[in-house]
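Structures given as C-alpha cells follow.
Next come two complexes, and both contain chain A; in the first it sits with chain B, in the second with chain C.
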Partner chain A sequence: MLKDENNEWINVNNEVNDNKEIYNKAKNRVPKVLLSASNISISFSQYSKGLKKIVLNVVENLDLSVHEGEIVAILGSSGSGKSLLAHAILGILPGNSVLKGEMEYNGQILDQKLKEELRGNEIALIPQSVDFLDPLMKIGDQIIGDIEDEKEKEEKRKEMIKVFKNYDLREDTAYLYPFQLSGGMARKVLFSIALINNPSLIIADEPTPGLDEKSLNETLNYLKIMANEGKGIVLITHDIHAAVSVANKIAIFYSGYLIELNETKNFNKNGDKLLHPYTKALYKSLPQNGFQLFEGSQPMNIEIENQCVYYDRCNQSIKECKYSNPELTEIGNGMKVRCHRLDNTYLNNK
Partner chain B sequence: MLNYKKLVKFLGFKLGTLMILLMAVSVISFILIEISPTDPVRIYVGEMSISQEKLNDLNEYWGVNQSLYVKVVNWLDNLAHGNLGISLIYRIPVTEVISERFSASFMLMFLSWIFSGVLGFFLGVLAGFKRGTFIDKGVKIYSYVIYAAPVFWIAMILLMIFSVELGWFPSGLAVPIGKVSGSVTLLEWLHRLVLPVLTLSITGIAQIALFTRSKLIEVSSSDYFLFAKARGEKGWSLIKRHGIRNILLPAITLQFLSFSELFGGTVLVEQVFSYPGLGQAAVTAGTQSDIPLLLGIVLVSTIFVFCGNSIADLLYKFVDPRIRESEANDF
Partner chain C sequence: MAKLKADKISFKYSGNNKLILKDLSISLKDNQVKGLVGESGSGKSTICKILAAYEDNFQGKIQVDGLSTNSKFNPIQLIFQHPEKTMNPKWKMKQSLEESWSADNDILEKFGIKESWLNRWPNELSGGELQRFSIIRALNPKTRFIIADEITTGLDAVTQVQIWQLLLSIAKERKMGILVVSHDKPLINEICDEVVYLNDINNV
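The block that comes next holds the complex of A and B.
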C-alpha cells in the first residue's frame, strides 16, 4: 500500500490498468475550478427625472471562483445585487443592463453564446419559489422541456422519474400544476428541475426563503449532497445561518461590492478571524453571539462616490476611508477583504 | 374534467342575474321613454289628420293617461308573456322584426368577431415577440390610429374606395335591388357582407392586438419566463410554451367582453352600408320614435352583451386550471 499526494491509501496490488485509473482518480481529486469571474460589474441605464439618463451600478468589481464540490455562499442583505449576479452567470440579465468583466467556465471564456448553450444543461438555477414555474403548465412538461423527438422525450421522462425518486416525490407529481404543490414538494420539484440534466454548476438563488428549521435543514442537506457528488454550488442567500452551515467559502456582499471573502470555519467563536468591520458587526448581531445591533442602513450604490461603502456605519474608519474606496485585497489563503484598515483585521489578530 | 354540478350551479346563478338585470333594464328604459317628450299615439297616427275626439279615444284605448305604475306593471306583464308589442314603423310584432334583423346582424358580427380576434391576437403576439422592431412599430401605429378613428368614418372611407371608386362591392343593402330576399344566393349575400365585416374587423383588431402585445411583454418579464430561459428554453418555442399559453385565456376573455363594442360598432356600420340588421333597426326606431321596437332592441342587446360577459366568466372558471381545480370555488 502506498500513499498518494493527498495522503490517502492507494492499493498497488492491482493490475497496471487499474493502477492507472486510480492514479488518474487521485490526480483528479485536486478540485477543478468550474467558474471563475473577475472584475464583474453590472450596471443599468435608467431614465430619472425628465429624460436625464443615469447609470446605476449594482455590482462592482467582483471576483469570485467556484471549484468542483465546493459550496460558495454569497451573503448579503436584500438589494445588494446578489440575484443579478446569478442572472449574469446564466446570461439572463434584462435588456437595459450592461455586464462587464471576464467569466470563465471550465477554462473556456463564458460569453453570452456559451451561456445560452450551457444554461439548463451544465449550469442550472434553483429559484426561490414555485412562482418561478409557469402557472399553467404541468410540472412534468416544464421539467422535460420542449423536445420533439419522442424517444428522447421518453428518456428524459425516465430521468425525471429517477430524480423524483431521489427526492421521495411520487411519479404522478409530474401531472400536477405548480399551484397544487405543497411548500415541501415545491422545493423538491425545483431541485429536481435543476438536476434533470446533471449539471456541474448549480446556482441556488435564495432557496431557503423563510423556511422553518426542519425544511431549512432538509434543503441545505440537498445542497450538501449535490456538492458531495462533485457539483460546484453558488448559494445566494441572506441567511447567515444557512451560509455558515453548508458553505466552504462565504462572500459578503454590501451595496454591490464584494467586501470580504472568507472561509466558513472563521465564522466561529467570537469572530476574531473575520476581516471586515461589517462582517464582524453582522456576526456579532446574531443572537448567539451577543445580539449587538448596529445602526444605519445599506446605502444605495449610486449614493457612494469615492469613499468606502461602509464608511458611514464603520466604527473604525480612518481619514482615508472618506476619500477613497479600498480595493479588494488578497491576504492569503484565498481570503480577500475590501478595507483600508488591513492592520486592524485578521492579520493583526493572528 | 368539467365539474357538471358546478357548471349547472354557475348557469343557474347567471340566469337569475340575467332575469334581475332584464327587469331593471326594461323598467328603467320604459320610464326614461315615458318621461321623454315623445308621444307614441302621435307617432301611431302618423301623418293622418285626426280630430281631437278621435285622439282622445286613441289615448283612452292605449292607456296613455294611466298612472306610471300601472303602465310599468302592464309592460312587465306583457313582457313576461313574450309580447313586446307591435312596431310602429313596420306594423308587425316587434319579436318578428327583431328575429329577422338579428339573424342578418348575427352573421356580420360573428364573422368580424372571429376575424378581428384571430388576426388581432396574431399581430399582438408578433409585435410582442419582435418587440422594438419595425413590425412592432407598425402594429402599434396601426392600432393607435384605428383605435382613435371613429368606426363610421372608416366605413365611409372603405365605401368610397371599394364601392364608389373601384366598384368591387355594392354600396349597401343585403339584397340586390329588385330581388326578393328569399331568392338571394349565398354568394350574393356574402358579397354584400364583405365591406361591413372588413370595417368591423379592422377596427376590432386594434384593441385585441394592443392587449395581446402588452400582455406578452408583461409575461416575458415574469419570473417563470426568466426561469424557463434559465432552463435553456428560447426563441419561438419559449414564446409558444410559456407566452401564448398564459395570454390566450385573457385574450379570449377580452374578446368576449368586447361584445358591447361589437354591437355599438354594428349599429354605425349598418347605418353607413344601409345593411338591414338590428343596428340599423335601432337607429330607425330611435329617430322615428318607434318605442316598442326600441325597447325590444334594448332588451335584446342587453341579453347579447350579458351572454358575452358570462362566457368570459365561464372560461375563467372552467378552463383555467388554477380556478378549475381549486376546491373552494364559490361565486
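The block that comes next holds the complex of A and C.
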C-alpha cells in the first residue's frame, strides 16, 4: 500500500517538475524556517481539595521547527500533549494554563498578540471533524467570515469558489449547513476554510482517523500538495502509517516529552534505524510489522519522578534510567533522541 | 457449534428512502474471526447495529443456532469505536460495568485494570483504558458473538496490539466468534481468518 501511495505522490511531484521555472526557483531557494519553538513547556494549575493549588506539567522542554514546504508529523498516543502544542502555536490554550519558552514565526517572536493576528490568516488549523463548525451557520458564511465591506466580501467569495474548485466542491455547497455534508465533503470544506486566506503554516489536528483507504489517501494527498506549494505543515496524528506516508520528519511524543525526532525514511524495514525504544515498539506493533505485544501504558506526566519517562516499560533500561530523565540529544542530521542508551540504540545500528 | 446467521437483511433509515442495506446475508461461526471491509457509507456500521439489535426496523432475520435472538440478554454484543460515547458520564466505571455483569477480578487483571479505576468517572480515563472497560462489559458470560466496530481506530499501535491480543485470547478460550470492522487492512489480514467485502448497496 505504501508503495502505491508513494507512486501517486511522485506523480504529484512530476506535475510540479514540468514547470521548469517554478522548479528551478524552488530548487535554488533555501527553505526558510517558518516556525521554531524552543524550550516550550505547558502546565495547568488546578485547585484540588479546598484551596490547595496543584500545577500539572503536561508538555516539557520541547524543541521543534518547521520549514517551508515541509511536513512535520507529531506522533503520539492520546494524552501525550501533541494537541496542546497545536493550541499553543495558535494561542488558544485555556485560561488556567501557563506557556513557557520561545516561539518564533518567520523570524518574529510569536507572542499572544501576534498569534491572534496570524491565526486564520498566516497560520491555519484543520480541525479533526465537522463538529468544529457552527451547526447553525451556512458553510459559505463560515468560510468567508464576518466581513462588513461588501467589496471585500465579494472578493472573498470569489476566492472561496476558486478553493472549492480545487477540491471538486460545487459552488452551492456554500449554502448548505454542516449537517448536510457527507463525510468526504465535510473534509473538503474543512480544508477550504483553512486555505481561504492562503496561509503559510497549516496545523492539521488528526485529520485522518476512521477514514477508508480512498479518503485517507485523498486527505494525505491534499497535504502533500500544500507542502509542494511551499506551505509548512504540522500533521498531528497517532497514525504512524499516515505520518510515514507524507511527512519529511516525524516527532514522537510520549507523556509530554519529545522523545525522538527522526527522518521518515528511517521508518522502514524492521525499524532498526529508529532511535528510542518506544518508537521501535510503536513501529513493531503495527500489524504489518509483526503485531508485537509491548506491555504497559503511557504514564501521566505528573506520575514521573526524576526518571526516564519510558523507564517502567523499557526492556533495555540501565541504572541511570531510574534516577534521571535523559536530555534530548542531537545526534546529527537534525535527528534527536531522549535516551540514556544513546550509544546502544544509535551507534549499534549505525 | 454455534452459528450466527443474518439472512437477507434490508434496511433504510426512517424518513429516508435510500436503502442502506439490500438483501445482505452474513454468517459467523464460533471460534471464527471474520473481517468486514468496505468504504465509508457502505453500511458496515449499520449492519453491526442491526446484528446487535440496536436497530429493529429491518427486513430479514437474524438467528443464533436457528433461533431468533429475542432473549433478555443478547448473545451478540457490539463494541464501538468511541468508548467515551458509550459510557454514562454520571456513572462511575464500576456501575457501568455492573450494568452488564459483575466481572471477576481475574478478567479485570487480565485487562490490566487497576482496582482504583473502578471508582473513577469516565472522563478520568484515557481512550485506551475506557475501551478496555467497554470490552469487558461486552464479555458477559452469555455473550457468544462480538461485533467489533473499529474498536482500536483511535488508539496508538502499541495499545491496539494489547487490546486485540487480549480479546482474541478470551474469544478463543470461550469459543466466541468475532466480526471485525476496520479500515485497517494490515490489521484485518493479521487477525482475521476470513474477510467479507461490503460494496455500496449490492453487497458482499
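Definition applied: the second predicted complex is superposed on the first by the 321 of 350 C-alpha atoms of A that agree within 3 Å, B and C clash if a C-alpha of one lies under 4 Å from a C-alpha of the other, contacts with A are read in each partner's own complex, and residues count from 1 in each chain.
Keep this in mind: a residue touches a chain if its C-beta (ideal position, glycine included) is under 8 Å from a C-beta of that chain, and two chains touch if they have at least 3 such contacts.
Computed from a predicted structure; not experimentally measured.
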Chain A residues touched by each partner, larger count belonging to chain B or chain C: C
First, second, both or neither for A:49, with chain B first and chain C second: neither
First, second, both or neither for A:131, with chain B first and chain C second: first
Which of chain B and chain C A:265 touches, first, second, both or neither: neither
Which superposed partner A:179 touches (first chain B, second chain C, both, neither): first
Contacts of A:193 with chain B and chain C, given as first, second, both or neither: first
Shared chain A surface residues [contacts with chain B and with chain C]: none
Of chain C, residues touching chain A in the complex: 38-41, 81, 112, 126-129, 150, 153-162, 164-165, 183-187, 189-191
Partner chain C, residues of chain A touching it in the complex: 1, 76-79, 182-184, 209-216, 238, 240, 281-283, 285-288, 291-295, 297-298
Partner chain B, residues of chain A touching it in the complex: 87, 90, 92, 94, 116, 119-121, 124-125, 127, 131-137, 142, 145-146, 177, 179-180, 193
Complex contacts: residues of chain B adjacent to chain A: 221, 223-224, 226-234, 237, 241-242, 245-246, 320-322, 325-326
